[in-house]
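Note that the chains take the letters A, B, C, D and E in the order they are written out, and that residue 1 is the start of every chain.
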Amino acid sequence: MTLSVSLRHSFPGITLDVAFDAPQGVTALFGRSGSGKTTVVNAVAGLLRPDHGRITLGDRVLLDTAQRVVLPPHKRRIGYVFQDARLFPHLTVRQNLLYGRWFAPKGKAGAEFDQVVDLLGIAPLLARRPGHLSGGEKSRVALGRALLSAPDLLLMDEPLAALDEARKAEILPWLERLRDTVRVPILYVSHSHAEVARLAITVVMLEAGRVTRTGPVAEMLADPVSARREAGAVMTVQVGPTESDGLTRLDSAGGPLWLALSGMAEGARIRLRIPARDVMLARQRPEGISALNILECRVGEISVLSGDVMVRLAVGDEALLAQITPRSARGLGLEPGMPVFAVVRTIAVATGAPG
Amino acid sequence: AASMKNALDEVAAKFGEETGNTVVISYAGSNALARQIIEGAPADIFISAAVNWMDEVERAGLVVDGAREDLLGNTLVLVAHGKDAAPVEIGAGFDLRALLGDGKLAMALVDSVPAGQYGKAALEHLGQWSAVEGSVAQADNVRATLALVAQGEAPYGIVYATDAVAEDNVTVAGTFPADSHKPIVYPAALLSGAADAADRAFYEALSGDEADKIFAAEGFAILN
Amino acid sequence: MADWLSPDEWNAVLLSLRVSFWAVLISLPFGLLVAHALARWEFPGKQVLNGIVHLPLILPPVVTGYLLLITFGRKGSVGQYLDQWFGIVFAFRWTGAVLAAAVMAFPLMVRAMRLAIEAVDPKLEQAGATLGASKPWVWLTVTLPMILPGVVAGAILAFAKAMGEFGATITFVSNIPGQTRTLPTAIYSFMQVPGGEAQAARLVWVAIAIAMAALLLSEWVSRLVARRISGK
Amino acid sequence: MADWLSPDEWNAVLLSLRVSFWAVLISLPFGLLVAHALARWEFPGKQVLNGIVHLPLILPPVVTGYLLLITFGRKGSVGQYLDQWFGIVFAFRWTGAVLAAAVMAFPLMVRAMRLAIEAVDPKLEQAGATLGASKPWVWLTVTLPMILPGVVAGAILAFAKAMGEFGATITFVSNIPGQTRTLPTAIYSFMQVPGGEAQAARLVWVAIAIAMAALLLSEWVSRLVARRISGK
Amino acid sequence: MTLSVSLRHSFPGITLDVAFDAPQGVTALFGRSGSGKTTVVNAVAGLLRPDHGRITLGDRVLLDTAQRVVLPPHKRRIGYVFQDARLFPHLTVRQNLLYGRWFAPKGKAGAEFDQVVDLLGIAPLLARRPGHLSGGEKSRVALGRALLSAPDLLLMDEPLAALDEARKAEILPWLERLRDTVRVPILYVSHSHAEVARLAITVVMLEAGRVTRTGPVAEMLADPVSARREAGAVMTVQVGPTESDGLTRLDSAGGPLWLALSGMAEGARIRLRIPARDVMLARQRPEGISALNILECRVGEISVLSGDVMVRLAVGDEALLAQITPRSARGLGLEPGMPVFAVVRTIAVATGAPG
């Protein structure tokens, strides 16, 4: 099922003009504060009626202003994690969580209640009302409420922003699994590159109400200009055998990589996100060094970016980015076409279908 | 009229004892009752404190032919604040203006409530109205008028004799001559909706000796 | 207390309670509907509706009673059809007292509810909608629970007004013992009778006692609801 | 219109407006205080205060008027001292009509304001306090602006009630043309006379017109305030 | 001025028992969602009256339940950035920002209005009311409101959680400067290690309502057990000359480091945060490699942490942490006392007074 969005809407200060497709899996809405992310999500949810627009989900038309079709929010079968929680103050946490299930079409199984409650760590809160929950507790309940409503489309507006790293690290793999098992499109707003790289398949970049770029996460995050600060590449590799010390071999065109992975089927193809800042270059293969992951590659385009040099590397037919200082670039004498070794500390592992 | 309550309750109770019929009485302002009857209230007998409202009902064709009579009469008195106020001669030398000083004269609404209308007529007859007109405090009924005097808000007031007796804090200072205003009458009528003999029996009992005694004890004049 | 009040007075008290109870109960759904319409909807004639709702407040009760009489009386423009078609008669029945009390109390009820509805954050209702609840369900599961204190406040105001309502009632349905002779009518009657103040005072105390009981009950309910909402 | 109404009636209209205006204006601060106390404070006798505020609603107006008379009359328990010490006299003055109207309208005003105060999120008041505003300042700069729609609603209810108030007024200060003869009293007088309906109707239309104007004004103010708060 | 907090308070589900001192500069409150951070901040603000407690700011007693001293919030002279913005809906953004100034003691200058507005990028919003602001816009206005109220104590409850990286990167240096110029204690709640490492001088760790550890940021973040996921060390270095290619030399006990810094006075001592994951180890000094920053050091304690090896390194008398795979550790034959070279990609630069 693909979500297809195209809309135009004017607020006094800003005009939104957005069109994109969100296929199966996670589509990240990316952009600075005030760029219109929540507005787009609201339009998809039916909470905002744009001046002009057409929104379809699979073959269901949610909105078509030209044809005067406007499906009301409750018929859109969405699960919306609001940026501002919006829990029902008069219901207990349990009742909040189960609210959506009440209205879900019979026979449509959503996520397992106990499992979600466990994952989010909200079991001790079930009998309480939301009034005095902490910020993070509220956002976890809101997340649970949307997940449990068995939706056809998940809208998540910075669902993890209020959570600590440890909790995030527990929830992210679960969301990955959700993305891969429950086959509904997910529209995901986030400011975190790491989250987006892990979860997303498509990225839609918003700036001042306009889509500036859209494409597969691999391309988008590897594009040095559009993602300056947190540039990085996404690379697809094949899972090899896991060795006795727990490290799994991942085969790439540039040689093997070693990573502690678990539960990954041998032969599967997975995606790795490699931030440009975490790639060092060496002319010879470094020896006697703690880095395990060294890839053979070839220098591609070299661009200079406000004080840094961004080097695009070709690893087979995949791209890798390295961000180094101009001094290093000079020192190494880099030139397009030159063979180099990339020393990599992989930060994010993005499992699931290759983008 | 509500001011008849005590007496009428007693008459009804007596009638009930004798005949075994219960009488249901609705006390309200004559205007309200008349309007209700005209609008189809299932009433059998109407006793009004105001002749004009009885006329209205009759004009609407709701009174049984010949079954209307002036049941009771009343007198108009000048009451003064206090237990033993000086009596006032209401006649030739009567100067209400001087009597009031800068106080007010309490009356019922002079244009619409019967006691007020009678009072205004009497004062006009006595040549006093124009002098006191600006000092008249009008209440919406006789009891409220009396309360103003009882409280001492107004030194004098004009009310029915029947209402004046019960209030400790006022004295009847004088009685208006009967010829100073149209006779105060309480007409009663049997209404066309009245179904049975019992209705007629009570209508007749209203002017019976027993009833006369009770009404008289409350200070009403018996007219029939 | 049964000794202290005459059977007639006792009847008046019970009748008043009955009339007020039904007046509140019956006007509740209409009150909610009108309050909701005034708070949330835009429609032509909205201000006219608003005006009509407030009319009983601004008109002397006698006028309201008179208008009720010529509309819902047995020969009234609406009353005659109600009688013919549905067999509903208001005139001189306690049902008429209910109607009068309900009409007189309606503006108070609507205002309280309207304020409550206006205070509900539409964002919560939106959350309900995204979770699959249709408008009526959102209203029932989100809006209604949140406005409950306002509804209780409106109901209690209406109840108090209904308990005290007199001018329109006596004008519309007269003062018939056991049918339309409510507590305030009884008090009024006593006030009209020479020397009736003491008896009136007794009934006034009864009225006050009932009002206090109703108030305490409503405060208790409101507090309970408010505490639930504030999140304990 | 001046032609259409007799000078007396015209006077009654103006007087009603004046009385209602002052009744609302004077009871506003007390209403706010009492509403705030009932909504936010805990103190012994709170429920008694609550009861007293509601009394004028539940008692027949005649009784309220009578109680006012024996309290604030020239010889009344409070009235005589007011007269002696401050030279304030209510009896037979339009000021008395103001008092009666204010008392009768008070419960309506307080309820509306109370509901509004209860709906204010204390978290915003806390934010004001952390920014250095003392309680009175917080109230003035945060609470008051937020409850403004409720205050307007309360004031308009009170105004409507004051415009329509009649039973307590006539009992307390009677009906003196130019002093205490308000619009509803005039309407009442006409209703007492056979055939007076037409004349009463004329005044009723005036009352309705005034009420509608006041309502529209209040709606407009509320809407303005509400729109500001909702964030345009 | 030092803020000294000690309090005990019971909620139905959790009991808070907390004591710590927050000196000049930023004290970070760190802990998982629901651990009691906001509750502590509320008690300091005077919005929660704890069962028992004593809170002093310099020589002002804000609260002393034993002596029945409870200073009301408006007399505490605090600027509180609430976790949930709490803007005044009836005031414009400008009025919101200026609200606190109204009540500030005369003569006490707070931050510059224009400067704050510029920094937060809220100039286009000044005339609007907060109702329809975006999530990040709200949190920026809330931040500005607190900063402009000229407080004696700043309480910030996750002030940057709703902001994008770019905006954060603009605001953080400004907060650093604020910390160093306006000499008020700042209590800072955050989930982000990077933020804390940059800003904080003291860290207070909360867990389930109790302080589990408290100390200078360098110690706390270098403690591998308490900060598992984002372990790292904070190192103090001296600023040297800036060379022609824009890189500034930073002198440490382990040799020079090179960084693009601007506006840093030569001779100043600054703090660098070096995440353990960004440190590679080599037995010989690597040559022909893009990494500029290589430190000579000596292996200290080696600990094994759920699948990873954490190596504590001594650089002069400072500590550095390196997180490597067990395979690498074996491959390098690491042993305490052994000299190694640490290849570093510095992530966070924490300017200001050394901790």
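Keep this in mind: contacts are C-beta pairs under 8 Å (C-beta built on N, C-alpha and C of every residue); 3 or more make two chains touch, one makes a residue touch a chain.
Worth saying up front: this structure is predicted, and the values here are computed from it rather than measured.
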Note to self: Can you give me the shortest step count from subunit A to subunit C, moving only between touching chains?
What the structure shows: 1
Item checked: Labels of chains that are neighbours to subunit C and to subunit D -> B
Item checked: Far-end chain from subunit E, centres as C-alpha averages -> B
Next item on the list: Could you give the separation in Å between the centres of subunit A and subunit B, each centre being the mean of its C-alpha atoms?
Entry: 90
Notebook entry, point to check: When the centre of a chain is set as the mean of its C-alpha atoms, what distance in Å lies between subunit C and subunit E?
Noted result: 60
Checklist line | Computed distance of Cα centres, subunit D from subunit B, in Å | finding: 35
Checklist line | Sequence positions of subunit A contacting 2 or more other chains | finding: 84, 128, 132
Notebook entry, point to check: Residues of subunit C that touch two or more other chains: which are they?
Noted result: 62, 66, 188, 191
Next item on the list: Give the residues of subunit B that touch two or more other chains, as numbers and ranges in rising order.
Entry: 29
Next item on the list: Kindly provide every pair of chains that touch.
Entry: A-C, A-E, B-C, B-D, C-D, D-E
Next item on the list: Would you mind writing out the residues of subunit E in touch with subunit D in their complex?
Entry: 45-47, 72-74, 76-80, 82, 84, 86-91, 99-100, 102-104, 128-133, 145-146, 149, 155
Notebook entry, point to check: Mind pulling up the subunit A residues that touch subunit E in the complex?
Noted result: 11, 13, 31-34, 37-38, 83-84, 124, 128, 132, 134-137, 140, 157-158, 161-167, 169, 191-193, 229-230, 245-247, 258, 260, 277-278, 280-284, 286-292, 307-308, 322, 324-329, 331-332, 343, 345, 347
Note to self: Can you tell me which positions in subunit C touch subunit A when the two form their complex?
What the structure shows: 123-124, 126-135, 137-138, 141-142, 145-146, 228-232
Item checked: subunit D-facing residues of subunit C, complex -> 47, 50-51, 54-55, 57-63, 66, 107-108, 111-112, 114-116, 118-119, 149-150, 153, 157, 160-161, 163-164, 166-167, 184-185, 187-188, 191, 200, 204, 207-208, 210-212, 215-216, 219, 226
Checklist line | subunit B to subunit C touching residues, read off their complex | finding: 2-3, 5-6, 24-29, 32-33, 35-36, 39-42, 141-143, 162-167
